[in-house]
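Note that chain A is present in both complexes that follow, paired respectively with chain B and with chain C.
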Partner chain A sequence: MALFEIKNLSFSYPDYEDNPVLKSVNFNINQGEFITLCGKSGSGKTTLLKHLKTVLTPYGKRTGEILYKGNRLEDVDLRTQSSEIGYVMQNPDNQIVTDKVWHELAFGLESLGTPQDIMRLRVAEMASYFGIQGWFHRDVADLSGGQKQLLNLASIMAMQPKVLILDEPTSQLDPIAASDFLNTIKKINRELGTTIIITEHRLEDILSASDRVIVMDKGSVVADDAPAGIGEHLKTISSDMFEAMPTPVKIYYEVEKNGVCPLTVRDGRKWLSESFEGKDIKVSKVEEKSFDLEEVTNPVLHLKELWFRYEKNGEDILKGTNLKVKSNTIHTIVGGNGTGKSTTLKAICNICKPYRGKILIQGKAIDKYKSGELFNGMLAMLPQNPQCLFVKKTVREDLLEMIGKRDDTRILDEVVRDCQIESLLSAHPFDLSGGEQQRVALAKVLLTNPKILLLDEPTKGMDSIFKIQFADILNRLKDRGVTIVMVSHDVEFCARYADCVSMFFDGGIITSNTPHRFFVENSFYTTAANRMSRHIFDNAITNEDVIELCRKNQ
Partner chain B sequence: MQDTFSRCNPIVNLIFYLGAIIFGMIFMHPLCLMAAAVTSITYYIYLKRIGGLKVLLGLAPVFIIISAINPLFNTRGETLLFSIGTRPYTLEALIYGVAVATMFICVILWFFTYNIVITSDKLTYLFGNVTPSLSVVFTMVLRLLPSYKRKLAAISNARKCIGKYGENGGTKDRIKNGTTVVSTLTSWALENSIVTADSMKSRGYGSSKRSNFVIYRFTSRDIWILVLMIICIVTISFCGIKGGMSYTFIPDIDFATNKFTVVGVLFYFIFLSLPIIIDVTEDVVWHFLKSRI
Partner chain C sequence: MRFDAYHPIINFIYFISVIVCTLTFDHPIYISVAYVVMFAYYIKLRGVKGIKIGFSLIAFAIVYTVIYASYNHFGVTILGQNNIGNNITLESIVYGLSVGIRAITVMMTLGCAFQIITKDKVVYVFGRISPKLSLFIAILFRSVPRVGVRSKAIDIGRKGIGKSFSQGNILSRIRNVISSTSSVVGWTIEDFIDTSSSMKSRGYSLRGRTAYSLYSFDNRDRLFLIVMIFFMVTLWGAWALDYTNIYYDPKIIMPKPGGVDVWLFVAYAGLLIMPLLSEIFSEKRFRHSLDIY
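Up next is the complex of A and B:
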């Protein structure tokens, strides 16, 4: 018997009845299945998931029904639903209720009124299974994002759910924490047989572990297939969700097909080797962008041996950081978590004041700029969390705040058009999706008309389709003479769009190079396309490179 | 790192502090004050080491001021020291001032160590036994306050980087910016509390009667300490009722000195020394264990 049966489910929010979020959705979920649900932002994934638990179901007009173990979900009592249907949300921070790790683990059990001795056992079990013992007594506030999300998962697993629903659980995590988290999910499915329903942008990590992939577009299910067939399916209906598929799948369908569709880098390597077996590789290199770093004579931004620490007796975060940024480029800084990348940006903005070293902006030391002059037409930063910038009731008012007394709406219109937010102007900024918020925040920052734009993890939580639009915006800015310095974990994005990539490690920039040279030299910290093709091609780092070389060598 | 007394069951900690603070405020018999001063200072220094000495030095002026000020308001007493204008400044009033100051400092020191010993999670545990839902509210507040503080910093930094906050502009602009930041924080907090509420509901909050997860256990040592403390409290109270701790400062100084005084003060001293005794015993045990290795 199916665990969930979703029959002809349609849903629309009040006041938007002619624009339903879900349109007659039909599918079954069986016990023990691993289901990946994907779709663009705003395609109704979250709304669908919220329907699988009565307390979370949004208010609105709804037709069709959902059966849980053969009974209507509304008739299943709250207690059973609470313990059997686990739900992990997107934001690691906001779903935590209590202040201590051990208390959070016990929260669900406390709510169910579980007796003390059973609670003790369950909490102990979960802490051991998820490796939480080491930080069991810690304050929740001291945990990293990855640890917080793991704690959320563990505190739900303590209630021994039959099914685990995860709504973009890794969108706020860095890649290493994200893949650890997804591995834990796979382990739960494999070892405990818990049914998993997950929405995720990072398909690379989970597609191969899924039993089924369901693709949604504009509120309807457009594909429901095994992972190996989903690429084919999306290609035939030419859905733009194809862009979100993992690198090997994309390359496979773009090149003339032979063999089985690879889902992982390992399979991709094998598939490439087989395709080129016995053939001569005529062209093994793509043309590189010429860009010589040695010749940066007149850097628009120049960091000279910055030293910084947060506390007097603390450890140095920046240890003699040097950086030269050429004007009119997209310069990205990559590197592990907590190495000081964001601190570098804060130092440039004068939020963290280095105790030694110099920052030159267009050849002029930062403290020589008059207050107000620096952040008005020279430098601006888009913070990691765009919500920090929203202060008004509507997007339009928020943007007008930046223009101030000048009633020059021409600039406003231009920026609005550039960031493609015309349709969002009358919405409340907090009602927008993550990607939309990012665009509005960018628009707000751009209204200061900066020559140097600093971005802190801008692609966090963006879906792959939106990343392309975002890159377009950045490229347009670059054409207009803006220099962009971006801190990012997103290796794929940097490889595709950056002019220069720097590696940050142990308080300093270790190396800077063009993306091609940078990623080709790395064997671990590099793109999936490079890892997949490095044994055959010399310098292919993006999907386009691999596809181009494959075609040339056919 | 917590000391041994802090690692006892929170109920033990709480009863000790209830006793120490309530007795500390009732008993102004000089022997009691001396016992309280010696033990509270010793325990505070034991917990804070060198840093504690600085705080004690900082308290010295408070002690002197409270002592010296009392005779200015209280002019009664037999022994005249000198007069300020027509107002007499008497020895009895001065001694009473010293006693009040000692009591004040002792209670403050007990509260200082209370803050170190009784951490927020112990408090939640103590609350939780009485009312589980209140304890949830309490832990949520404890979590939210630091997170608001961090968020406030993030918002003002973000605004600074778009030239909207900080040095530029006059007082009026600054106030305007300040209110904007606070209002942003409010909408952010409200927005996020919806998620937290969803997360609570989804984990069955309110679906049945709450139970309370207890991380602390009652060990046999806790029971022994508790028994000892109750014996002390009963004896001290008994001696107090019998007049063993009675005192008068004004108009002339007179203190009880009888068998109840001796017993009462002795037990009071033992009671207040318990944390130090427990800590030092354990230190000694460790010292010997180490030397055996």
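Up next is the complex of A and C:
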């Protein structure tokens, strides 16, 4: 039986009635299915998901209907909806209501008025299933992002839902935590038979586990297919959502097709081996852009043996960090969580003061700069959370804060055009999507006209299409002489756009190299394209590399 | 092993009764008993730091006595006159000291209570009164510290573009503080919208809420409660019959303690020392249990 039947659903927000968010959406969701919903930011995914639970449904003009187990959703009472329809949102922090892990796990059951003995059993069961026993008594404030999101999931699973709706649950997590989280989702679907409806950017991890993929564009469903066929479908309608497909799928459709479309790296390797079986590999290398780091004589930014700790008796976070950044490049720093990457950025812009070591900016020690000088036309940092920067009611006012009294709107217009935020100027900054906020924050930072731009995980929460636009912005800045230092978990992004990649570990930079040389050396910490092709090609790290080499060897 | 292993209700009854008794009983021996026992327990819980704080509190009691005696002039035993011609009396000094010592006893008791009564226990006890109330408290425990975290994040973020409250001239600093504050408020409200939909989504508004309890009331709690009630009934009887208080005004009148008094002192000491003894015994028993292996 169909769990949800969505019939001809259209929706528009009040005052925007000629611009509907959902346009006659039709599909069914069956019990036990795993459904991946994808689409660009602003394609109506979240709005659609919110319609699947009455208390979350936004206010506006709506036509069509949604049936839950054959009844109109509005007629299903609140108690049933609360327990049977679980909803996990994007931001791990904001969903947590109480101060303690145990209390959060029990929250839903408390609302349902569950008696003490049953509640204890359910909580115990969930804590054990999700491996929460170890931090059962902890304050939620002490948890990592991944743990918080797992807690949100567990506290919903405690109510034994029939269907789990997840709205970009991993967008705020680092890649390792994200893939752990998605594996848990797959496990829930496989072992408990819970229906899953998920929107996600990280398709690499879940596409192979999905039963169906539904693609949305501008409020309508443009594709609804099994994962193996979705690439073909998107390719034929030449949707830009094709860009969001996992690496193996993109490579498969770009080269001459034979065999079945691979969805995972494992299948991709197999598919590549099969296509090149018995053939000579004539060209196994792509051309590399290269520059020698040793030869960087006049670095725009030079860190010399920085040592830093937050507390007098605490541990050292930076342990002799050295770094040279060549001017006019995009330099990325990758590495695990909590290794000190963000602290390095803070040290560069004088928020953290190292107790030993030197920071030279354009050859001049940082403490020789006057306080006004440094942040006016020299340095600027985009924090991990762009919301930190927003202080005004509209984007325009927020940007004007940066140029102050100077009536120089020319520079403002230029930055606005560069960051492609013309259409957002009158919106409230908090109403924007994650990627939009990131661009507005970037615009704000750029108004200080920095020569060195520091970015802390800028691609977090961005979808693949946004990432391309973002990279365009960065490249344009680079052409204009800005040096960009960026801390990131996003291996794919670094491989594709960086000029130099450094690995951060245990308080210091272990190695710096060009992306090609850097990623080819690694077997785990590398791109999907490289993992997929390393047994055949020598130095392919991006999809384009693999595609190019495949074509040359046809 | 500590007193916090007991049920929250026991913890609450104990600390409340200690504070109430300390504040009501003004008989010097009762005051001394409470002071000595609570100081000992405070040291047990806080260690060396407890000794330091405990002794500096004595200074507080003395200062209080001096101030009290120079503003209150009741009593018949005049010791002298201060420089504006008011009498300094023995009674007011003694009474001031009795209040001072009781005050620092209460402070140390609260110090002990903060060690023993965790946020979880507060949430539990309020949950017994009303689940909604306890949830409200839990939400406060979560959201209040988050405001601080947020404002710190905002300041660091704005430092990176030269707009922190510690950058620029005075005028722009003031402007930056105002902007940051409004940003903290806006962000907090924005986040709370998310939180409230997460609450609604998990059935917050349903009727008949219950409260999860981490604790169970076991035999050890029962025994502790019975002994505690026994001592408490005795002491309140004594209070009703005026054994626990003396006269300070106009003259200190303290009857010579008889056999009943001695028993009552023991009962009071017994009530106060229960957690300390329980801790010492269970630590001993634990060490003993290790010896077996």
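Basically, the second predicted complex is superposed on the first by the 554 of 554 C-alpha atoms of A that agree within 3 Å, B and C clash if a C-alpha of one lies under 4 Å from a C-alpha of the other, contacts with A are read in each partner's own complex, and residues count from 1 in each chain.
Criterion: contacts are C-beta pairs under 8 Å (C-beta built on N, C-alpha and C of every residue); 3 or more make two chains touch, one makes a residue touch a chain.
Every value quoted in this text rests on a predicted model; they were computed, and no experiment measured them.
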Joint occupancy of chain A by chain B and chain C, clash or fit: clash
First (chain B), second (chain C), both or neither touched by A:V123: both
First, second, both or neither for A:F390, with chain B first and chain C second: both
Partner chain(s) touched by A:K218 [first = chain B, second = chain C, both, neither]: neither
Chain A residues contacted in one complex by chain B, in the other by chain C: 53, 55-56, 78-79, 82-83, 87, 89, 91, 93-100, 102-103, 106-116, 119-120, 123, 140-141, 152, 155-156, 159, 346, 349, 351, 371-372, 374-376, 380-381, 383, 385, 387-391, 401-402, 430, 444-445, 448, 454
Partner chain B, residues of chain A touching it in the complex: 53, 55-56, 78-79, 82-83, 87, 89, 91, 93-100, 102-103, 106-116, 119-120, 123, 140-141, 152, 155-156, 159, 346, 349, 351, 371-372, 374-376, 379-381, 383, 385, 387-391, 401-402, 430, 444-445, 448, 454
Of chain A, residues touching chain C in the complex: 53, 55-56, 78-79, 82-83, 87, 89, 91, 93-100, 102-103, 106-116, 119-120, 123, 137, 140-141, 152, 155-156, 159, 346, 349-351, 371-372, 374-376, 380-383, 385, 387-392, 401-402, 430, 444-445, 448, 454
Chain C residues within the chain A interface of the complex: 119-120, 123, 131, 135, 138-139, 141-142, 145-146, 149, 153-154, 156-163, 167-168, 179-180, 182-183, 186-187, 190-191, 194-195, 197-214
Residue ranges of chain B touching chain A (in the complex, touch as defined): 120-121, 124, 132, 136, 139-140, 142-143, 146-147, 150-151, 154-155, 157-164, 166-169, 180-181, 183-184, 187-188, 191-192, 195-196, 198-215
